[in-house]
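Both complexes shown next keep subunit A, but they swap its partner, so subunit B is in the first and subunit C is in the second.
Showing the complex of A and B:
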């Protein structure tokens, strides 16, 4: 600290932001490990599907959960390599408000479409038929685990898993092959013209990730009081809905700690939300249709909204990201 | 000020009802919603010198407004996804009617009157079908709902009347939202924006699609020149490190294209345009970015850039533009970049709307 202060005095400048988050620490401690884990777990999923493609094969299911967990752990980091060639959407096509995923997967199976015979062919199908949510139908939905030809289904599970692995690897290669350096060397390139732009990008990912968890992961099954929509819960077929909320809270808590230099107040807000989530005995938010169950989900959503408020009002300004009346409101 | 207002009130009592005009409301040139110094929300009329000529309370934060072409009446829309809009009588400075979105619909914050002022058109979301709609309201029957037609796409935002006085042009932003999930974008993986022209029968007569490269570019705000050219402002929904142009121009049956003043000026806009306007004289086009805190003006062979924190509202005035910001600032800049600044104790909301006569 003393050394940094001395350096500032010599240069005679005051940093634009009161807090100087270390971009390299965020990359090395959060982003890169997250995408490395995803690539490794997705590779494990592809191998497990090769070994035993039956939907209830324990090895396949374990690998599926591990890889999906790894995805949720980076699902807030939606910029750069994940957005190139729609890779993130091809991994995670959700919410699927029009039911495009079951329709596209069913079409493949019913027609035994040979496009899925090879990885290259499969990568040309609708992104609704690709990724974790499509594979979930193949492994967990009774209407799909017996549809069409057994051999075709097996091949489809394998090619879906191989596609997930290839996509996860492509995102990691993008980060390791240059994008992380663009962020580290913010100011020396056009993508991030100064350090503040790189911080702003990470901050946006954090707020968007929290918003997605509160408004979509919880908001969609909640629906309205008059019309709750439990069937819209994320990954309910595999029983993962609440798990996704918790994993995303853990991941954004980690990122918040790095961005805020371990702010105890922010961390306590995450702890409160996680505590509520841990105490819920409702893995797929089926209870949103009952007063008590709905109350619990609402309480969790409020706790996440509280984090969002603190992030926007406390953390943002400290990072030099001022909230504007119009700039941060959208239209 | 005795005035025509008091005089008219007297006449009203006698049953002799003269027609109120915009002059009775202080001859505003523009209107804008604002958050006032005391934290309440309102609608203000502004003169060509940036002075407030009338003010009226609104029940919540406003977004855009539609000015009646003849009567001193403004429809102020709540920010999306709002289910009501307030009709403000600008002479008496009070609410004279209220529009409530029908069941299963919400407003997107923009609307426009027909050329003769008998109808109001509003952009709406048929959210369970994820279908954009244009609602039609009968002004003479206290803004009763008359009907609706599809907008030609998903997530319509701005809507304007073409110079022929009949055709509507709609910015279908392409983004699906549902009130259950606030402003969460539900279809970015499949989104497709377009500019649609609706004829007098409500049919899509013409449509501009930006193609695969700009599939994630959401056309949201419009300005129509007296020559029928449509300037459209966009908001990029793809990778945030990409900084595509945010301003385009479409000429039905003619050429269209995007404005690009180089990588540096594209970067200034942060892929996000807030408002767009065309100058009535000279037809320069201005586009604002509240996120970049900048207003860029594309004139004939000339490019200007004005820095103004949280700028969003912009409207054409003579050969130049008036701009409004969330900081309360109002600026005018002419074609040479000269002008004036006025500071108000309020936060100007997204849009500065020209009165039809200006």
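Showing the complex of A and C:
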């Protein structure tokens, strides 16, 4: 206690009268339900693929969308069990600026690579050939739905789905089997030496999730004014680009409410961004090439940047923390 | 001033040994050491790039297998100080804004010179991935005709680099020079680097690969540009230089810059983008120094660079030591246990990166480590990744203990006004 006080005084920082966020409420109301939904929907996807593996099978497509929705709802929670054994990377390798996913999936199909015959074998392949974005090629890309042998394609769709289900279950098991307790019992373990470390982890996830949505989900297709890049829109083949922005905003809004004790100003900022997104009639951001379409996407991006600013400069100080390092810090 | 008053407090919390207690250094002195080490690293990078330039000029004047080998050796040596300088990148916008000119990666090397058929044609992402400037004296770029009859530093820097807004169009820097010296590494997951023959620079009928004179012109232009870019950066860190001046404008922000550089390189860049991604993709193209098979050194010297910035001790390429009051001293004065933890984490990482280097030098190439199902290689690389992730947690603790996170509250520069940061 003394030591901490000394440090604060040395730096001339006023000890923050930090608000308390309820870690258990965040876990029970946000994290655990999110990963439970993902595990259940991913299991549904695996079953649907077993029943009918044809790319246009309605049951398979419905299950794919439901499971992908569930993933986007937790895609900001990239720490702990999701990072163990590359699970989240293998669920969702995107962006893919070098086209590794189509290349890796094509290689499997062209060679009828027997590595995909078993789940254990498939779990050793490049993450680019695994997860929701690889499966999207198999279900929605005309060049892939007819490539190679039908039986191999069917097996690949099934093993991709089973792999997604296994990963989702492994993440949930990690949370239920100890990681959530590490956060609840922050201060009594080395992973989280005090409450602030657990809150900082959650806060970092929130700010990274918002950054990813603004800079990557929107920023990549926007490109520059001279050179818009609509083909870079996330999951455009399945028509999900805008949907991902909205789902991630809903999820981070929920987390923000729990972290901020229902701060109305922050919630209103989310409402503004969601309202802009709902009024857009451009599911895959094809409009970034037109002045009006671009204007709409820019407005949405700046609304999310406004949330990010409030989170960093208003919520952070109130909690007495700043975001830690994240995976987007590099290039 | 405050630190002296508070020293008894630090004593009162019961340190293990009185000998471990040090007077807290002034932050300005810590920043001086940090800037001195930057100046030394960039000057060393410049000196070794000039040696590379000499070797390249010899290769071009009198091409031979020996001259090519000498140029390669000079390139490998030049990477030693440069990779240690990368810890300055993310904390200092002046470095980050410049870095793309000298170390951009990965690259679509078909932009520069001939490539193997397996490389493929233009991609959805990059229409110029097989432009081959060496073979083409004129071409169109985004609709505009380009006269490349003379391959000059200006052509590379202002027209070709990041052509069409594509980052993979890397026309300049270490990796462009590396490709021109080694050529593509076509060994896949097998051992061995790129096998460009010296005759790619031979005169007249002995020339292989075509356009040997233009290839030499490209190599000279890229090397000259590398030297001039490093010269510029070295000047930013000497007394009165812009980077040093910026660092000193706000002491707490300066300390935060050191930690930001350490943490961002550790986590997002090295552990993530450079190491774990390549492993998860099983892709030898994801090697950082893929043409020369020097990736193990590239990673190792990144790790050493992070460590020596914290310790405030850098061994120059002539063997002299640059040292002074360090971030480690600053942490020790506030929280000696955390300093011990931070030092331990950095050492563990350097040890893990050292294992990769040792194995690679003994013949287990980094390419081989990346291969699907290679459990020994995976364990080696993940050892480095885990060390880097672990040290990031300690860096975050240092940020919190030193109050450097207060900087964050004042606003993220990139959010508020991207251009205002370093005016």
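The working rule: the second predicted complex is superposed on the first by the 304 of 331 C-alpha atoms of A that agree within 3 Å, B and C clash if a C-alpha of one lies under 4 Å from a C-alpha of the other, contacts with A are read in each partner's own complex, and residues count from 1 in each chain.
By definition in this document, a contact is a pair of C-beta atoms (placed from the backbone, for glycine too) under 8 Å apart; a residue touches a chain by one contact, two chains touch by 3 or more.
Quick caveat, the model's predicted, so the values are computed rather than measured.
S.K.: Look at A:64 in the shared chain and tell me whether it touches subunit B only, subunit C only, both, or neither; answer first, second, both or neither.
M.R.: Neither: A:64 stays clear of subunit B and subunit C.
S.K.: May I ask you to decide whether A:285 touches subunit B, subunit C, both, or neither, giving the answer as first, second, both or neither?
M.R.: After superposing on A, A:285 lies clear of both subunit B and subunit C.
S.K.: Regarding the shared-chain residue A:192, is it in contact with subunit B (first), subunit C (second), both, or neither?
M.R.: In the superposition, A:192 touches subunit B alone.
S.K.: Using the superposition on chain A described above, determine whether A:84 touches subunit B (first), subunit C (second), both, or neither.
M.R.: First partner only.
S.K.: Once chain A of both complexes is superposed, is A:212 in touch with subunit B (first), subunit C (second), both, or neither?
M.R.: first
S.K.: After superposition on the shared chain, which partner residues are touched by A:152: those of subunit B (first), subunit C (second), both, or neither?
M.R.: It touches nothing on subunit B or subunit C.
S.K.: Given the touch rule stated above, what does A:144 touch, subunit B (first), subunit C (second), both, or neither?
M.R.: Touch partners of A:144: none, neither subunit B nor subunit C.
S.K.: Check whether A:95 is in contact with subunit B, with subunit C, with both or with neither, and answer first, second, both or neither.
M.R.: Touch partner of A:95: subunit B, not subunit C.
S.K.: With both structures placed on chain A, which of the two partners, subunit B or subunit C, ends up touching more residues of subunit A?
M.R.: C
S.K.: Return first, second, both or neither, reflecting whether A:329 touches subunit B, subunit C, both chains, or no partner chain.
M.R.: So A:329 meets both subunit B and subunit C here.
S.K.: Please identify the positions on subunit A that touch both subunit B and subunit C, taking each partner from its own complex.
M.R.: After superposing on chain A, subunit A residues 86, 89, 93, 97-98, 100, 127-128, 193, 223-224, 324-327, 329-331 contact both subunit B and subunit C.
S.K.: Mind listing the subunit C positions that touch subunit A in their complex?
M.R.: Residue positions touching the partner: 2-3, 6, 9-10, 12-13, 24, 90, 106, 123-125, 164-165, 167-168, 252, 263-270, 272-274, 276, 280-283, 285, 334-335, 372-373, 392, 395-397, 399-403, 405-412, 415-416.
S.K.: So in the complex, which bits of subunit B are touching subunit A?
M.R.: My answer: residues 35, 63, 79-80, 109, 130, 157, 176, 178, 180-184, 186-190, 220-221, 235, 238-241, 263, 267, 274, 290-291, 293, 309-312, 325-327, 347-350.
S.K.: For a test of understanding, state which residues of subunit A touch subunit B in their complex under the given definition.
M.R.: Residues of subunit A touching subunit B: 79-80, 83-84, 86, 89, 93, 95, 97-98, 100, 127-128, 182, 190-193, 201, 204, 211-212, 215-216, 219-220, 222-224, 229, 324-327, 329-331.
S.K.: Show which residues of subunit A lie in contact with subunit C when the two form their complex.
M.R.: Per the touch definition, subunit A meets subunit C at residues 2-13, 86, 89-90, 93, 97-100, 104, 115, 124-128, 193, 196-197, 200, 223-224, 226-227, 231, 305, 308-309, 312-313, 316-317, 321-331.
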